[in-house]
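Shared between the two complexes below is chain A, which has chain B as its partner in the first and chain C in the second.
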Partner chain A sequence: MTVTGWLFDAYATEHGATVWLIDVDGRRHRLRYPFRPAFYMNLTKDEERFLHSVRGRLPGEVALRRVSKRQLYSRAAVEVLEVSVQNPLLFQRTVHALSKHFNFYKFYGADIKAMQLFYYTTRLFPLAYGEYETEGETLTRWTLLDEPGSDRYDVPDLTVMTMTPSMKLFAPKYQRSLEIEIAVDGVTRVLQQSDPLELLQQVDHYLRRYDPDILLTEYGDASLLPLLASLAQQHRFPLALNRDPEAPYITTKPVSYFSYGSIKHRDGVFELAGRWHLDKENSFIMGEADLEGLYDLSRLSQIGVQHQARTSIGSALSSMQIAWAYRNDVLVPYKRPVKEAFKSFATLLKADRGGLHFMPPKGYHEEVAELDFASMYPSLMRNHNISSETIDCVCCPDAKHRVPELGYRLCEKHTGFIPATLEPILRKRAKYKQMKKNAPTEELRRKYDRMQTGLKWILVTCFGYLGFKKSRMGRIEAHESVNAFAREGLLRAKEIAEAEGFTLVHAIVDCVWLKKEGAVRADYERLAERIGAEVGVRISLEGIYRWILFPASKMDDDIPTATRYVGVYDTGEMKVRGLEVRRRDTTKYVKRMQNEMLAVLARGRSIAEVRALVPDALGVVRSFAEELRRGSVSPFDLVVRRHISKDPYEYANRSVNAVVSQALAEAGVQLSAGESVEYIITDASGKRDPQKAKPLALYALDDGYDAAKYTEMLCDAAETLLGPFGWTKERIREMLDPVTVKRPAGRAAARRAAKERQLSLVLR
Partner chain B sequence: MRKEDQGVLDDLFTYAKLNLPAIAVQAHPVPFESILLSMLLEQQKQIRSLTDKLRDYGEAI
Partner chain C sequence: MESMQPPHKVVDRHFSAPPGKVGLLYGEKRVYSLGMLITAEMLMHTRSVVFVDGANRVDPYLLARLARLRRIDPYSFLERAYVTRAYTFYQMDVSITDGLTEFVRGVGSRVVIVYGPIDLLDDDQVPAADAAEILRRVHGTLAQLKGSGVSTLLVSSFPRFRLKERERFFDTVRDMSDVQYRLERRTDRHHIILEEHHDGKDHADRDHAHPVRREQLVAVPPGIAERRPGRP
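Take a look at the complex of A and B:
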């Protein structure tokens, strides 16, 4: 029989893989596919004999055969042993058992998930459209009428059932009892948990009646599904969460981990078989790019949709690189065997530098233009063939093409795997941007925008992954090279602009801010064209600002910061980066005030006009501060959100984070490091109320709030915008409350003391 | 060091901070040279701007 339709879901079973298809008439087919995941080993004769001798003691039965493959770095052909595991569920355990006897560099492709190997070796991908041949319940062959990189494709009509906690104010973990809201086919129902068995029956009823393809939840991973599954187990109730009654759930435990200097937390995973469970609260990419972007990414990365939704965005790129290796018969290293090459101190100093940036002159500026390089880092990797295996390659000892400043050679004979994987993404994204521009309807425009956003995130990660210590195919020298080219590119852009009479106001990594008396749009566009041609990366005029503000650093009033600014374009549109309104840790109330102030200041078309609007902006601060003092602000607008860096009882101090997380722990809420807490400050000093702050979940209206502390936050945010006009936060506070405010001994004195301490160290 | 001098020294280090990105890109093994040059640079900028102002002032009267 031939099934014409889409590949919907695939997962490993002990006999191979189970594959779900949806045909063009909307029928769902469950099929088996005989699949044996394999890894490779490069062994000596003795080692091979040894392998044969332990073969019988491995967790699963394996088949051995000699095959010819290529090495990634040397490109040399090599004969290796293919070890295919008969039961895919035992793949990891087999590798683990063998890794006790052999060094890790003997293995290839051994830490890839069995299901990923299924996609790589069959070259199928999620939502692939094609003609699938079946014999009974077995999938035998297929002809794909679709490819992962295609930018025009159809998606089957999928039924969605949403399942959310009906009390949305806090995450379910803060709630004692749980009400679930189910919406399907335009009808919403609230299910109560008074009797667990009844709840299970109701959920099961809807699952069986509507048999949804997608179960879309909020907090499904962290709370809802684990809870339902454990209730079902307690009551021995056959709950139809999975569409495949024979398959188990795919679950992982929550983890806290350390990344880029802070503790992060990731919820556990609860994936289903034959049905997708997508949790909006546990998916970065759905927040950025919605379902369309997720499908698009999944097709391109060959990672199952449920898994792609939860995994970090870097895995998509990793997966595309591994897929490239399998397509080209290249061995994928196990546990990143390429360590950093030995370097002299001098080279290390030169090599270990990031992107180039300048310091903007503090304060307000007018008639400044911004020029941005488009996808600068990926474009550089493609243009200069920068890849893990192209740097100082064995095939081009006399390469002319070298990395500026560092002198690394770049391969001139073969395209590296990184440029090869980036090319289709760059092309596809350019296409989506084009389609977005030409979209006839607003709905289509948004759709293409979401799809290009999904791809943007791959491009953003492609550079970092080169330097990431756990990335299998990354290499630090490639990472350094991209930075070196980028620094050179930005510097050239600056030189060209200056030679043409423009003044450099500011520049960060891939954008420059320029100024020239009397210059108009066309002048900047001409300049962009020239820079683009000379640097080899497209650069375009982002816009011309009526005014732009680079505020002073919060740590030191005398110096500016490179990445915080706000400006108003000549179109009236505003661009804000790094200010309080954009920060996640700012309370809603402060954000609202700063937004209103910005709306006032945006009316000014020049610095002189902005200055004339300062009294109006101060009026906004005053009205917000008065409302605070009257006690009439809604506490929900005063919620502070912070990540906790430790488990509640690991704190040695009485900081607000500590008291709040401990209060929650006492109330029975389990929190671990890296999760966020939400609270309202009741007494920041801790003098009146040693509790300092109340967690949102335990807050009662008569707990009140610390008006003085919140006023301080308002003044801080106001200073950011008005500081250049002489309105420091001390002066603003004095204006608000001339009687009770003490003279500003605080910060200036503290700064001086700190500087004195530093000084005494230097002079000693 | 006298208290009135400490503030002046603070100013010098502020001048260095204004050139931090350049100092970082320079990546000199002993960054103090770059720090001193930054202080000189900022001072020279001030001398120039003051000289210009004085000249304008002289021409005006």
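Take a look at the complex of A and C:
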């Protein structure tokens, strides 16, 4: 039989893989596919004999055969032993058992997940459209009518059921009782947990009735699904969370772990079989690019949709690189990375310079244009064939193509794996941006924007320093090379601009800010075209600013910082980068004030006009400070969010983080290092109240807040904008009449916010 | 025995002759700047120095300044000091066991300096068994270098690990070395303490073997190793 449709889900079982298809008529098919994941070992004859002798003692059956592969860096052919594991669920345990007998550097591709090997070796990918041949319940072969890099594809109609805690103010971890809201088919129902069995029956009823493809939750990983699953187990109730009744859930526990000098926290995972569980609270990519961006990324990275939603964005590119290796019969290094080549300190000084920055003169500037290179780093890597194995390759000892300043040779015979994996991303992103531009409807415009955003994140996050120095297939010289080309490009842009009479105001890495008396849009566009043609990377006019502010650094008053600015384009649109309003650690209240100040200043069409608006902007500060002093600010606007670096009782000091996480621990909320806490500052000095701050979940309205501390935050944010006009934070504070306010009028505040009934439901 | 000789001169003199040994210089964080001072001293009389940096502490700017202080063209120092950097313990492994001896021979160097030999072990992602295996291989390479008359100076600050049980690997590193120099702050002065010395039977040249000395104190004028390097 032929099923024409999409690959929906796939997961490992003891017999191979279970594969779910959705056909063009909307029918769901569960099929088996015999699949044996394999890793490789480079052994001497003696070691190989030894492996045969211990074979019977491994956790499961393995098949051994000699195969020919290529080394990643030298491209040399090498004969290795392929170890196929008959039961995919025993793949990692088999590697583990063998690593007791063989050193880690004997292995290749031994830490890749069995399911990823399924995708790499079959070349299937999530949502792949094709004709799938079946015999009984077994998938036998297929013809794909689709490819991962395609930019026009259909997605099957998927049923979505949302399941959220109905009380949304706090994460369920902070709540004692649970109400669940289920929405499907445009109808929302609230289920209550008065009787657990009843709750289970209701949830089960909706799951069976609607049989959703996607269960979309908030906090599903951390609490909702684990709670439902454990209730079901307690009551021996067959809850239909999985579509496949025979398969287990795919779960991991939350962990705090220590790596590369910092503490990280990872939430637990609760994935389903035959149905996707997507947790909005545990997915960076869904927040940035929604479902469309997620599907697009998943297809490209060959990582299952549920897994792609949860994994870091960097693993998408890493997966594409590994897929490239399997397609090209190249061994994937296991643990053992390539080392940095020896270089003299003199070369190190040149190589380590990073991107080029020209510091802007701090303060306000007018009639400045911004030109941005599009995807500069990845484009340079593609254009110049920069890759871990193409730098100083063995095949091109006389290569003419060299890295500027550093002189590294670049391969002229083979395309490197980094350019090869970047190519489809760059191509697709350019296409989506174009489709967005030409979209006939607003809805389509937004869709293509989300899809290009998903890809943008791969391109942005994967070119950091870390991506190169620590990744298994990365190499630091690749990072140095792309930086050297970028510096050359930026310098060239500056030269061209200056030769045409423009002045460079500021430049960072891949953006330049220019100025020329009387220049108009067309002049800048012409310039961009010339620069783009010479540098080989597209550069376009982002806009012309009526005014732009480069504020002084908070650390050192005299230097502006390269990545903080705000400006108003000639279209009236505002662009803000790195200021308090854009920062995650700023309280809502401060953000609101700075936003209102910006709205005032945006009315100015020149620096002179902005100067004239300063009194109005100060008025905004005054009214915010007064509201603080009256005690009438909603505490929710004063919530500070910080990551804790230690487990609650590991703190030796009485820092705010320490007192807050300890207070939570005493209230029974388990936090671990790497998680974030939210609190309200009640007395920053700790003089009146040694507690200093109250965690949001334990906050009561008569706890008040530290008005003086929050006023200080307002002054800081106001100084960022008004500093160039002589309004330092000290002067602003003086203007505000420095009466210290001990406590806000508790009763008035209590009355006002008593309406926020949510609080009383929490913990007390 | 106490003297006011600068510590880098003392270590250089003690460590450089006879060649073919493994030394360990350890103590507080400033051992790394002291390491750069020793390097400058060495570059006055040796052809080149090769670094493996697992602590991200190699500092070309400081070396350039030290050259200028000696009225030497900074580039003559910068071009004779080589480095490969490691950011994971597995990179540390390849940096030392794969190609180091060939490189050292190629540039005709007699000295290898390893910064932070175990700093990268404070990492959940490196199993203890792998760590032990890598250190065993590293030891093999150091012995090989020693055999060909190349000395290795391991430079390590007191490792304060989050993974406490990993601190024991410091002892493994200590056991690899023939001589240990401890940098210690006592009241207002830094001291270099020579902790122990093999009787010389490992040395290539028996005649130059040092007698066993238990302790030698060198007072470091305060601040000598403390100055943070600036840009040249």
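Going forward, the second predicted complex is superposed on the first by the 719 of 764 C-alpha atoms of A that agree within 3 Å, B and C clash if a C-alpha of one lies under 4 Å from a C-alpha of the other, contacts with A are read in each partner's own complex, and residues count from 1 in each chain.
Here is the rule we go by: a residue touches a chain if its C-beta (ideal position, glycine included) is under 8 Å from a C-beta of that chain, and two chains touch if they have at least 3 such contacts.
Remember, it's a predicted structure, so these values are computed and weren't measured experimentally.
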Is A:E14 contacted by the first partner chain B, the second partner chain C, both or neither?
-> neither
First (chain B), second (chain C), both or neither: which does A:L356 touch?
-> first
Applying the touch criterion given at the start, work out whether A:R487 contacts chain B, chain C, both or neither, answering first, second, both or neither.
-> first
Where does A:E133 make contact in the superposed view: on chain B (first), on chain C (second), on both, or on neither?
-> neither
Of the partners chain B and chain C, which touch A:I476 in the superposed model: first, second, both, neither?
-> second
More residues of chain A are touched by which partner: chain B or chain C?
-> C
Is A:E246 in contact with chain B, with chain C, with both, or with neither (first, second, both, neither)?
-> neither
If you stack the two complexes on chain A, which partner ends up touching A:K335: first (chain B), second (chain C), both, or neither?
-> second
Can A:S344 be said to touch chain B (first), chain C (second), both, or neither?
-> second
So which positions on chain A get touched by both chain B and chain C?
-> 345-346, 349
Residue ranges of chain B in contact with chain A within the complex | 1, 6-7, 9-10, 13-14, 17-22, 24-25, 27, 29
So, in the complex, the side of chain A touching chain C is made of residues 99, 103-105, 257-261, 335-346, 348-349, 469-470, 476
Across the complex, what residues on chain A touch chain B?
-> 345-346, 349-350, 353, 356-359, 487, 556, 558-559, 562, 752, 755-756, 759, 763
Would you tell me which residues of chain C are touching chain A in their complex?
-> 50, 58, 60-61, 63, 75, 77-88, 90-91, 93-95, 98-99, 103, 122-125, 129-130, 133, 162-163
